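For reference, the structure I am asking about is given below.
Chain nomenclature is as follows: A, B, C and D, assigned in order of appearance, with residue numbering initiated at 1 for each chain independently.
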């Protein structure tokens, strides 16, 4: 038996769930989980995640998708995709000097908590090379030479384009250009070390300290052309007080960053996220 | 247009969602929200909440229910009920001397946050009479005389049986007998001032203080014959420290109690809860 | 016995605690609680809250303060104040149409959780008049006439200046002018319905919805000339999801607003807050 | 300059802080942080943590302690200890098959977040050997043979007694005997994978699932003769729902366990904890 996950969005209209669940029923699929959301039942947009298992011998994936395409044509303004659990997503990782998110991801990956292939880890620092290689993952070190950002991004692109399903910026401290984001075209998940939209840009813990906030946060979001403005996937927070200095804010923040990013990656790998306008639907 | 909410549970099997959503589609219902859960797609139990609107002129509620009953007969071991949003639930409230939950409920009710009728407030203390009457709600004071618990429960039962859809124990410090719970037969929601199953029984804040916990909680649950053992609906927690004494634990706890109970009541009134074994499914 | 609370800040230097605790000891005071904080032991600023009880018959408050003034003269750049628990602070409240914070404050006040006098409630709406009067608190209704903001603020000032120790803006939707804030000169606590510094200004829940955040918040802060930029006293947060619309954000937000504001008021009344630069020290 | 931390508890009485801060002042110590707590100023018990730096050339540690002992003799029922930041504590670790806490501790230790020596890691499983040795830490594998618990504990004791300042049970699934706890005599910190006192004993996530709680937790506590009854140091919680099965409870729980245990270890290493009756004072 194969397990598949359908993610679909379309204009909301009567009968969508009936059509899709009937499709599953007629094809002898066993529904494991089904979640839907509508921004407005009368005029809004409809989102659905359907996790089901089926017999790939009696019903090949290509056949399944061809038949579903016919159904989807009857839905207004629909975009959809079917993912197969047997086919692991390829996750590329970019990281700079701070390695707490990287090490956390690799540990969870090794222990089976994150089901993915990791074909590549890329860094502009060498300190993470050993940790990466220990797990048997290819590592590329790309030092950032003067005025050579374009060249560096070309190297990254050639290493990940077509070879990864999405990228994770696990505390990657370079800003990827619009050109890179467009050229890569797949999802890129970033962890920003603040409770966005507070404290965008550089040194968010310094900004939080100066503002005297009583709660700090971390935000996992998709990267878009606008820095720190992409769709938010997950946020985590912790209390702080006048006793905290920038060092203890950073320490508490590392816990938030690793957990928010791990949760976002898990949602991505389990195909629980649908992007919509500048937001996300994250089915639990 | 009328809005209705179907709550159903049955043995999980293929085609349930297809049948139910097809039923809604054929009857021209507009699905507003749909949530489902299965404990196990192969052998488990299936739960669904379907919120939809329909035209009661072309399709009367009795007709709707009669037709749905035919469908439900085809599902194994099904129990279901359809609630109509236009028909407010009748919520009876029992309370003792501490009135923070009562006052919070009445404020939320008055401001429209909790959609219900409140036909009666009953207390074994008189201090809450004025507050209750101010809202125009009938109030009954039942003092607990010696050896007269049975008599008191009879009075309560005659005031609520058939006149309320469910009861809320808003810090009611008497233990209702099994006989009462059976005789009333509808849902009874209690707020216990601890993080169950920790600190059952009397004086939970004293117990928490003595144990030296670093987090306290409150638990809203359905009342069953076993004291503090009924299905949990909602829990809330807050951090405490060595600085807290029993008085500050109680103060922090009051916030938790009011919020956990208000959330549980809202879920009850919006028909988001399905009871199952000794647990609850609470659709968000 | 009288209980007093000393709040002091000065340049950090060796021997401060020794001097102050020796002062308490020599005067036969019993220290109930003592908290201190230093931004930096070598060059920083020192803050202290000392709660103690003493016999006012053998040692009058004026005498106590006169003697402490001599000690404080030996500390560099010191500002201090002694509050007496027997003398309740006078708290004025300004509120607009939404009354959830007001009702919460009045309930906590009545039940003894907030120890204060409330000499006046002022609103630009009449709907809160009844609730206020029920508690026996004088109420002033000030409608905002065209181009008459200056006149309205004059009326407020004459009602509170010299008659209140601090003001609470319990969802008061008018922006107080710099002139008013200067003229009043005492503390003004505001509750902003967002997690500052995110979503300053109008309609923060709309802003939060549009940004697609996964956590919302509320912020209690002191009012300064810069709108929503004053020192933060307390923040509270709650998780939200794609299921939340603006109405449910507002509902969840009301819980956060009432709790953050109540905590801030309690800290103010218990003299736990020291303002410093644009921040607060809040001793627990 | 040397930094030292004094932890002291005694019967509360007037003048304690004056004496101790005067002691620091006279000896030219610079107070970095000072925290105190009293269970009751009239009849209670007093606790203090004083972090200060001094010149060990002009004032040797032995001299400091000898002089402080004289002061402490004037305090009723006092116990105290001075720790020196330059002298790292020796932390021994016991672990079974599940290595998430161990790996987290070692990562934090390597990155400088936990300042300690780790002279030994002991396990009844071999799978953690490689990870431990990679950090250059001696590893002992002790398989549990039939009826040989006493023998195993003797081996452990000989490996840690006199060679470690405290032990961490980082998901060590053997129950240490009373005899071992007595013989070791130093602190032993355990992480229990539930929100104690809920779900003591075996399989707490199974117990939590069966009870249908809406929040799960983890508890770091000192080990005493009574299983899962020792003084609680730190607790962490997370929300769960009907969607969670035992596997996802365990996954969420691992995050809680690592964070609660890391926070407890940091508090231990920074000498922020004072044990008292069956509780802890944890200065922040």
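Definition applied: a residue touches a chain if its C-beta (ideal position, glycine included) is under 8 Å from a C-beta of that chain, and two chains touch if they have at least 3 such contacts.
Keep in mind that this is a model prediction, so the values were computed, not measured.
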Farthest chain relative to chain D (centres taken as mean CA coordinates): B
Chain pair with more C-beta contacts, B-D versus C-D: B-D
Centroid distance [mean C-alpha coordinates] between chain D and chain C, Å: 37
Where chain B and chain D are represented by their mean Cα positions, the distance between them in whole Å: 42
Per-residue multi-chain contacts in chain D, two or more chains: 241, 243, 284
Complex interface listing, chain A residues touching chain D: 100, 103, 107, 111, 113, 134, 241, 243, 251, 255, 259, 284
Complex contacts: residues of chain B adjacent to chain D: 37, 195-199, 211-215, 217, 231-235, 237, 241-243, 277-282, 284
Touching residues on chain B, where the partner in the complex is chain A: 14-15, 17-18, 21-22, 24-25, 28-36, 38, 41-42, 53, 239
